[in-house]
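Shared chain: chain A. Partners: chain B in the first complex, chain C in the second.
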Partner chain A sequence: MNALTQYLDLYRSHRDMICAGSPEALNRHRDAALHMLTHIGRLPHFGDEGFVKVSLNDMFAPDYGLNLTRRRFDADAEGAFGCETPVAAGPSALVVNDAFVPGPRMAAALPEGVEVMSLAEAARLYPDDVAREIAPADNPVAALNTLFVQDGVFIRVRAGVKFDRPIQVLAIFNTSEPLMAVRRVKIFVEEGAAARVLLCDHPRVNDVDYLNCRVVEASLSRGSRLEIFDLEEATPRTSRASVTASEQAEGSTLELTNLYLHGGITRNEFIPHHLGEHCTTTVNGLVIGSGKQVIDNAVRLVHTQPRCASHQLFKYALFDSAQGSFQGTVTIRPDAPFTEAHQTDRNLLASPEARMYAMPRLIINCDEVKASHGAATGQLDSNALFYMQSRGIPEAEARMMLINAFMTDVLAKISYTPLHDRLTHLVEKRLHGCETTCAGCSLD
Partner chain B sequence: MSNNDILLKVDNLHAGIDGKEILRGIDLTIRPGEVHAIMGPNGSGKSTLSGVLAGNPRYTLLGGSATFHGLDLLSLTPEDRSHEGLFLSFQYPVEIPGVSMVNFMRAAVNAKRKYFGEAPMSAADFLKLMRQKRAVVDLDNKLANRSVNEGFSGGEKKRNEIFQMAVLEPRLSILDETDSGLDIDALRVVAEGVNKLKTPENSTIVITHYQRLLDYIKPDFVHILYKGRIVYSGGPELALELEEKGYDWIKEQVDSKEGL
Partner chain C sequence: MNNSESTIKSATSGEYKYGFTSDVDTDILAAGLSEEVIRFISERKGEPQWLLDFRLEAYRYWLTLEMPRWAHLDIPDIDFQAISYYAEPRKKEGPKSLDEVDPKVLDTFNRLGIPLEEQKQLSGMAVDAVMDSVSVKTTHREALAKQGIIFCSISEAVREHPDLVRRYLGSVVSYRDNFFAALNSAVFSDGSFVYIPKGVRCPMELSTYFRINASGTGQFERTLIVADDDSYVSYLEGCTAPMRDENQLHAAIVEIVVEHRAEVKYSTVQNWYAGDEQGRGGVYNFVTKRGLCRGDYSKLSWTQVETGSAITWKYPSCVLKGEGSVGEFYSVAVTTNRQQADTGTKMIHVGANTRSTIVSKGISAGHSENAYRGLVKVVPAAQNARNYTQCDSLLLSSTCGAHTFPYIDVQNDTAIVEHEATTSKISEDQLFYCNQRGIPTEEAVGLIVNGYAKEVMNKLPMEFAVEAQKLLQITLENSVG
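The block that comes next holds the complex of A and B.
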């Protein structure tokens, strides 16, 4: 079955309705996306991509509903959507299904020069920024997103403004019917500015099928700095296809940390791009998979500018019959001398049924570079386990301590201490089998 | 002496690894307050004996029994053996990146307290305990915040073992080649640490190749392990004799008895 057909048909038959409900900036590239998708004819199937990857065709095949009519969903922003990743009194925004809802007191928490608003609203105020395509036009997930996107989040940090506290964007599902939410987050960090963005994906309902089709686009101007923390804690019946794309001007720094704590089937792509020299890009990932969870991360980074650096550290701990996939490709073009590129993928299989597929890849077409890559997949160190037990630490606790220890270096790279501590706590809770849902944490 | 005065009784113990029998009938009786040295040539089964007593799952038990102050030792998990007072100082202490010494020791101390139905130790009491016990082997405070054994020198690793022993206050300590990889000064510090921890109630098994360690930790009994059996037992003078004459005379005696 060709899953793409239903989306192309849906778009063609509802094009006028979709476009009428959206500002021009969001409509600008829809026909081009339609053209691209019509041209490729189908979404990648299992085995199409030369590696063990989640099939986009299978992921998009079910007939989820799309909220084309812009139906409003109830959102109890004050209480119900508290998230357990509280960022001490930082500003928060909500995306309920596919619509932006400002958090209570969000505006008050934002300093001058920091804007957080609905993408639809931003499309009216700043049409050219919103229409600027950062995700590659030939990416099928990004194209599907472009075809149907009607709202999302727009964040801009004006030149020179350095905002310490993370801006939290909490995306939730709360419908009783299956839904495909098309969400887009656009982040602009202007010259010399600095910001932290925390993206939390949570469902609200456990027994409904959801598809999260998400694109995050970040534009970093000269000398700016952006840290993105992307936390997924969804239900087993949620699928997620996510593309995070960025463009970095000279001397900018992007740090991306992706944490998968819960979910169903997830496919993340990270596509950073350098526009100038002396850029630094870090993409780190931490995955804890259990049950039948499937987690697929891919990083595609092409070094095209001299004197830039990239770092990747991905760690997976897989339990039960969870399946992980990591594909990291770093290409260094001839015109990117003095590049420094490092990539590490380490995976822990905690059960005989867990599976990991890893493909660390460096393509170096330039002599003057420093580059390294490596992947290792193994089990817990039985000597360490016995050593701990011989000191009286029960086996189950020793295992958790070792798995936790395995994860620490990804968390250690989170420099903002409150967030580091909170995420460390969440990882520990997750490893101890506790639910790490939103309950008990207030939005502001 | 009644049975109640026996801390450990090992009876006809057989054990192996990867289908190969290493221990071929060990008998050993240890009473409170005694120090036993187990010596023997390479490959005689010394480390296997310590591993089997501590419950290392690498080894397969093939027969025999071990009774530890009335308990069937071999049926206990490694952690319960620890709680009941058995301590193994590893020949090669394991590095555990990402687990700090402080967390490691706190988990160990509180697991033992939980086993005996006690509440976890308060942070202040725990730190005080760490401070006291570090002094036993003069262990550097900065190691406390490092990962377990990671980047420790050979001497620091062995001191760390004795530090852990001091914290856990075992009834029976097995020191598995604690002298290997130590220079003379470190050896003295470690041995002095062991001696400081000695009481009339607790006992020690010192496994070693060389007499040298026994200059510092005085044994009451010396046993020679060869081909998986204790083939000779004697007093401290036996260690000196071995140092002088080597193991060959023992090997010859045993091998000729076995008709080899």
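The block that comes next holds the complex of A and C.
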């Protein structure tokens, strides 16, 4: 079955309705996206280059509903998620299904020079910024998102403003019917500014099928800094196809940390792009998979500017029948001398049925570079396990301690201490088999 | 361009010394591929019906395929109907002794430094020389036969040992494996057949030299090596071709079966003509090489030094089926001028306690593109599999490319699979250190490159190691820049 057809047909038959309900900036590229998708004819499937464990065709095949009529869902920033103090530490935006809902304390928590608003509203205020395509137009997930997106979150940090506390974007599913949510987050960090953004994905209902079609686009101006923490805690019946794309001007720094704690089938693509020299990009990932979860992370990083650096560190711990996939491609073009690019992927298989597929790639067309990659898949060190048991630590506990230690170096890269502690706590809970939610996720 | 750059540049444009052509009378079949051509080849070689059927099945399957485009290579369209699929140095009967071999053929192999002559019998190497589509001469056969070792051209093996050939041909590389495997299975001309009986350690290195001589032809040889229980053999393969402006196609298959506790060491020095500085001419080297370690505790070791060919597409592989079987792959791939290489290996761990080691060293110069592509797969049944992969690339110019595409598929939680890769250029520090001690830059570059490749060179048999080291130097002459 060609899953793409139903979306193309849906768009063609409802084009007027979709466009009428959205500002011009969101409509600007829809027809081009339709043209691109019509041209490729189908979504990537198993066996296509880069799609070993996840088929986008299968992911998009079920008959999900789309909120084309812009029906409003109940939104209660305080209670919608059962979150005791979700925004106590910083501003929090709420996305219910695919609609932005402003939190009551949003404005109060935002300092001057930081804007957080609905993408639809931003499309009216800043049409050119919203219409600017940062994610590659030929990416099928990005194109599908462009076809149907009607809302999301817009964040702008004005020049020179340095905002320490993470801006939290809570995206939740809250329907009793299967739904595909089309979400887009656009972040602009202006010259010399700095910001942290925490993206959390959760469903509110456990026994409904959801599909999260998400695009995160970040634009970093000269000398700016942005840290994005992306936390996925969904149900096994939630699938996610996500594209995180960025463009960085000279001297900017981007740090992306992706944490997968719960979910169904997930495909994350990271596509950073450098516009100037001396940019630094870090993409880290931590995955704890169990049950029949499938987690596929793909990084496509093309160095086109001299004197830039990139670092990737991905760690997977897979239990039960979980399947992991890491595909990292670093390309260094001839016009990018003095690039430094390092890529590391480490994986633990903790059960006989767990599977891991790794494909770290280097494509280097320039000699003045330092590039390396390493990938390893194995299990816990039996000597370390024996050592701990010989000192009276039960085997199960020893295993958890070692897996926790294995994950430490990804978490250690989270520089904001309250968030680091909070996420470390969530990882520990997850490893002990507890349901982890953002409940009580105070960053203070 | 600074001083060291120009030295490096001037050090990698070595002339191809095997680029001469030999004026040997050759029967060449008219260009084109059809069932008639296949029937002609089979009839000309006096093959049994089952082999003709095998060829025809392969041909019909090949017709359903398209040429693969997934490699990191820019392969021009190949007109498969413009190639002649059979060329034979003219000689009525197979030579009984060297006196019967065309002197020009002998001269060709002498110029290549290949010890075909009887007086070189003591060189301790048995040689099968294959020119174009036909095996010209195999030496030391009688001495080997005393121990039950069969070393002959595959055409002879089909006639004299049909049961063995029928049993093993296509058992490791099926004609359905890939586009070029299907093509080879349909039109393969000659090649070597080796059978080492149980418990025999082959007393000398076995060697085959492949030479493309005729123009407008391709070479489609097939090598089949079977090492029975507790046996050992070291097999060497060398390849050269004349310098021509046209591209010539070489699509070979090597199949190896390793039984219980047997060991096969397969070494290649591949030096097909690589084309000129502008990328005109050269051999397209599209080869399928695979070994099946069928027996417990068997071992297969691939060692290759790849310096030639305009385009190289090959992945010598090991299927580690027997318990405790071992696969090794050591490779140095050098590309200069406009050469392209997409080469590496596949290690498929099927049996328990299997181990594999991959050491790949890529050296790129000029405007060349050099890619390592490797698969390590551990299937669910392969308990305690171990793999270590080291994959380094050295860039000698600012216009070349070095790429790494590993695929690691682990389906067993007791496996340990490790992959490391680095890419860098020769550091100024290393050059400065050598200069400081009175070593000129050009020599220093040679020193550093040889040191870089030494881990692989050490795995070659002595005779080849010396040749390969020289080859490396010649290939890189005038190209470090």
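Keep in mind that, in the parts below, the second predicted complex is superposed on the first by the 426 of 444 C-alpha atoms of A that agree within 3 Å, B and C clash if a C-alpha of one lies under 4 Å from a C-alpha of the other, contacts with A are read in each partner's own complex, and residues count from 1 in each chain.
Simple rule for what comes next: contacts are C-beta pairs under 8 Å (C-beta built on N, C-alpha and C of every residue); 3 or more make two chains touch, one makes a residue touch a chain.
Note that this is a predicted model, so its numbers are computed, not measured.
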item: First (chain B), second (chain C), both or neither touched by A:Ser415; value: neither
item: Partner chain in contact with A:Glu49 - chain B first, chain C second, else both or neither; value: second
item: In the superposition, chain B vs chain C on chain A residues touched; value: C
item: Partner chain(s) touched by A:Thr38 [first = chain B, second = chain C, both, neither]; value: neither
item: A:Ile364 touches, of chain B and chain C: first, second, both or neither?; value: second
item: Which superposed partner A:Asn2 touches (first chain B, second chain C, both, neither); value: neither
item: Which of chain B and chain C A:Gly378 touches, first, second, both or neither; value: second
item: First (chain B), second (chain C), both or neither touched by A:Met388; value: first
item: Residues of chain A contacting chain B in one complex and chain C in the other; value: none
item: Residue ranges of chain A touching chain B (in the complex, touch as defined); value: 381-384, 386-395, 397-398, 401-402, 404-409
item: Chain A residues touching chain C - in the complex, by the definition given at the top; value: 49, 52, 334, 337, 347, 349-352, 354-379
item: Of all residues in chain C, those that touch chain A in their complex; value: 70, 72, 380, 393, 395-425
item: Chain A partner contacts - residues on chain B that touch it in the complex; value: 54-58, 77-79, 81-83, 87-88, 90, 93-99, 103-104, 107-108, 111-112, 115, 147-148, 164, 168
